[in-house]
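Each of the two complexes below includes subunit A, the first together with subunit B, the second together with subunit C.
Up next, the complex of A and B:
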């Protein structure tokens, strides 16, 4: 394992403002190459699913799924497993619970959002409480909790990258097959249902995929800053264009860009990656807001 | 009844009704909404479905779409059981408007009506798919022109007016060349000029495209002159008749339980005066049935 703050203190690792040399230095170490691999894969998955999450106004569900990863990772560490498995298990379980809730309101068509929000909030509170319990049970864990909540890019193994790639591949494949139906079901559920689109099943499948995307992103940005990759790129892209295909592509590009910038910035400084990814995302979002605002009220 | 040729699909035999209910019963959550309903809609007809709130107008639409199975009796739509012909039905649900923050263009909403239920995503560069996309593009342009929505179809759908959204949704329902259009209160929440314009659009679609139209309405005045038939749903049943049979002061007053007057203008048009949706009356209804 590489100790924290290694990047800042290690010999020869400092910004020279020579782009070629800095870039070569960035990829000099295998852990950093792995960080870029993992970050890219995670950003693609989050950019894709985040776009649909913003479109479907399910950000609260997404946030709760991300928070659900925290007790998962803490619990996994407590029993001596890789935190990655805890992220996936708890995010997946959280998605299953949230997906089970809306079906309880069958027949009230359309009017169940407040109930759904209350249920999601409950799940989130329980998740945070459980996470805190696991952290307390595991004495001397204080250094790791920061990584779980606010992200880390150190010590990502080849095996971990493999898992991230596999899960992201499932997400991309699922969207390639059912993305258009999901778009229809998100924009216009009543008509989609009348056309035979499995609206309810797609909603459940989407939440599960979102859970997995949140679990992936948690491993780079930490549980609390998952939104940096799930919401910000998607919201920025939707701000900039209303063409679905362009908007989805832009969301992925922004997610990958802020992740790369965040990784580079974190490498050359002693501050956490979650902060940098979020800050670059926030900057992009702010610029998009200003740009579309100045482009006139017609579009905005 | 008034038989017209069905331009959209010449194979649909003019002898078979577009929609047919025989002794049909519908129930929602164990409560019978209506029962013993017999109804035949012929190809090319323009039919209005009227009745008080909670009487089961939307339920009728859902039954015809196959979204709600009948509790009794039989239903056939376009010669098949409901739900099996859904690709030849254009549906406009009773609706809220789109969220102002929805960042999807009007043209995308229309296009989803065409290909939204297909699996897979279109990949550029594949010849066959590209040809189909070209056809799809042309069809979308065509319906946008038909409903007069070309000017604002590129704007985010949440940002156009209610009347413009309604035109886009009619284009969406029309884009697959349906044989039957089921429109659930398409004139609601529109101002008077827009009501008249959208009503004229719908009746011209019915006549020029030969599409059978069933339209749920609170206020039939804007469409009264072009209606072939009126189905009124009330009191646990439904009855159909020509506008002159149904649109009468005594029948409408009984139907809504509130005084309604039907006047005939000098050029022979019917005009309905009164408050068919008196709030107090509707509260009563729901309490009795619930």
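Up next, the complex of A and C:
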């Protein structure tokens, strides 16, 4: 049933029908324990922030922030720093630049909207070009460029897990304090502003947090596959339920589930983690679409 | 955060699976590249089980990305041999993710004192190879003191009998052809050229560019063309595992100009070969090319 190359992964490793033994194998090595710790933390942060991103229709900004992580990581490698610092610095800077562009509003759609997406597109092109420059400047053997773009879970140290936990804690804390107002400002900015909610400041703060979440997710899924954790779980959750609290919780659960499944699949095969996380997320999204379409059809 | 703690708890309660149950237990050794692995296997004999990660001729070590299987292999090893000098940066990452106080790591670059940015191809330096051999035996003796006498005997056998042909070929080429001007496609040949006393005329910046996979400059290309067309070099040595269009063009130019060419490879060729058989075969063809050049 299982292809031979799935089982041929070295001494004593391979899938069999004993689930307990499979699970024990999964946590046999410290590097896999770290991968699960890091993956869980990243999935929680991405599931939370991604939910607001999809709600606010800022997916393009989120993608650009993730792409900004690529020159960040490449630049950090170039000057001999840990790529994690490059991810956070560049994703944060990208968020600040995008925040400086006036946000499109319902009612003022025409010019404002096209200007925003054009500016974000410009930032994305510059980010990719910078990343390519840093890679070219790096004399020596830059391997791991695939890992920067498409993700890796090998080689995560205890210290890196610590950084991911600290940043995720900031994200969770910020949402716990300002999440309710952010939700209000996202759903109906005009009414929220009239009621005294600082809509513009919240938007800027949200972009910064989104930059950090993109930086976190980039370290597992790579810069190009960040949407696997930032968009897919949130879009699936919003498809399944309209109640905000349940939808946010579902987004986090889906993000964590696809990450765990992706890690397990990548562990037992020789194929990349980014592919598995994305594919499991896509499967969840497709199932949600089919399920809600059927339900909707019956009601109509 | 609760999940993180839960996962940590799982890991602590899990026993190591799949370790060798036969007794006596072999020392598990992992070499990042098969040239070091071949030496380590011969120095350890039946007391060690050596796995090399980069072991296929069609794998480019410069752009290698480890698989999950590699991470597991490295994580289970008690002795790890890494080239260093930026040649296998994935290896220290895998080691850092799997702390193990009982594990010994030999980083060749650190042992021979070459820093990042220097020429990483230390297995083409006979002097550095000798240092690595001594260090591996010393580490084996420290990790498995019960078999120390056996490791000392294996060391003597390898350095005297095993490497005999390799050593004599080097001495022979040096005695006959020292000072001969030669050209090469990349920096992999530079340490061997130095040891043989050959005069490597190719601009170092070109050698490094090809080796690192960046674009060589037009000035370097022009200089090499002049060296070939003017017959300033007697033999052209190129890495057949890293043959860029620039290199292929130079090989053709050299052949057209009647300059003998010879190949060297990054890793063991064929992959089932030993370090000394592989190196000796390359040295013999280099010697033949030098002899051919001397006749014309």
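One rule holds for everything that comes next: the second predicted complex is superposed on the first by the 273 of 300 C-alpha atoms of A that agree within 3 Å, B and C clash if a C-alpha of one lies under 4 Å from a C-alpha of the other, contacts with A are read in each partner's own complex, and residues count from 1 in each chain.
We adopt the following convention: a contact is a pair of C-beta atoms (placed from the backbone, for glycine too) under 8 Å apart; a residue touches a chain by one contact, two chains touch by 3 or more.
Since we're looking at a predicted model, the values are computed, not measured.
Once the two complexes are laid over each other on the shared chain, residue contacts for A:33 go to subunit C alone; subunit B is not touched. Of the two partner chains, neither subunit B nor subunit C is touched by A:279. Legend: residue contacts after superposition of the two complexes on their common chain; A:247 is shown touching subunit B, with no touch to subunit C. In the superposition on chain A, A:192 contacts subunit B only, with no contact to subunit C. Of the two partner chains placed by superposition, only subunit C is touched by A:270; subunit B is not. In the superposition on chain A, A:41 makes contact with subunit C only, while subunit B stays out of contact range. After overlaying the two complexes on the shared chain, residue contacts for A:157 are found with subunit C alone; subunit B is out of touch. The wider contact with subunit A, measured as residues touched, comes from C rather than the other of subunit B and subunit C. No residue of subunit A lies in contact with both subunit B in one complex and subunit C in the other.
Only residues 28-29, 65, 67, 83, 86-87, 89, 91-93, 95-96, 99, 102-105, 108-109, 112-113, 115-121, 155-156, 159, 172-173 of subunit B touch subunit A when the two sit together in their complex. Remark: subunit C residues 1, 3-4, 7-8, 10-11, 14, 16-19, 62-73, 75-76, 86-87, 89-90, 93-94, 96-99, 116-117, 120, 208, 212-214 touch subunit A in the complex. Contact residues of subunit A toward subunit B in the complex are 55, 57, 107, 110, 175-181, 183-184, 187-188, 190-197, 238-239, 241-244, 247, 298-299. Residues 9-13, 21, 24-25, 27-31, 33-34, 36-37, 40-41, 136, 139-141, 143-147, 152, 154-158, 165, 169, 256, 266-267, 269-270 of subunit A are the ones that touch subunit C when the two sit in their complex.
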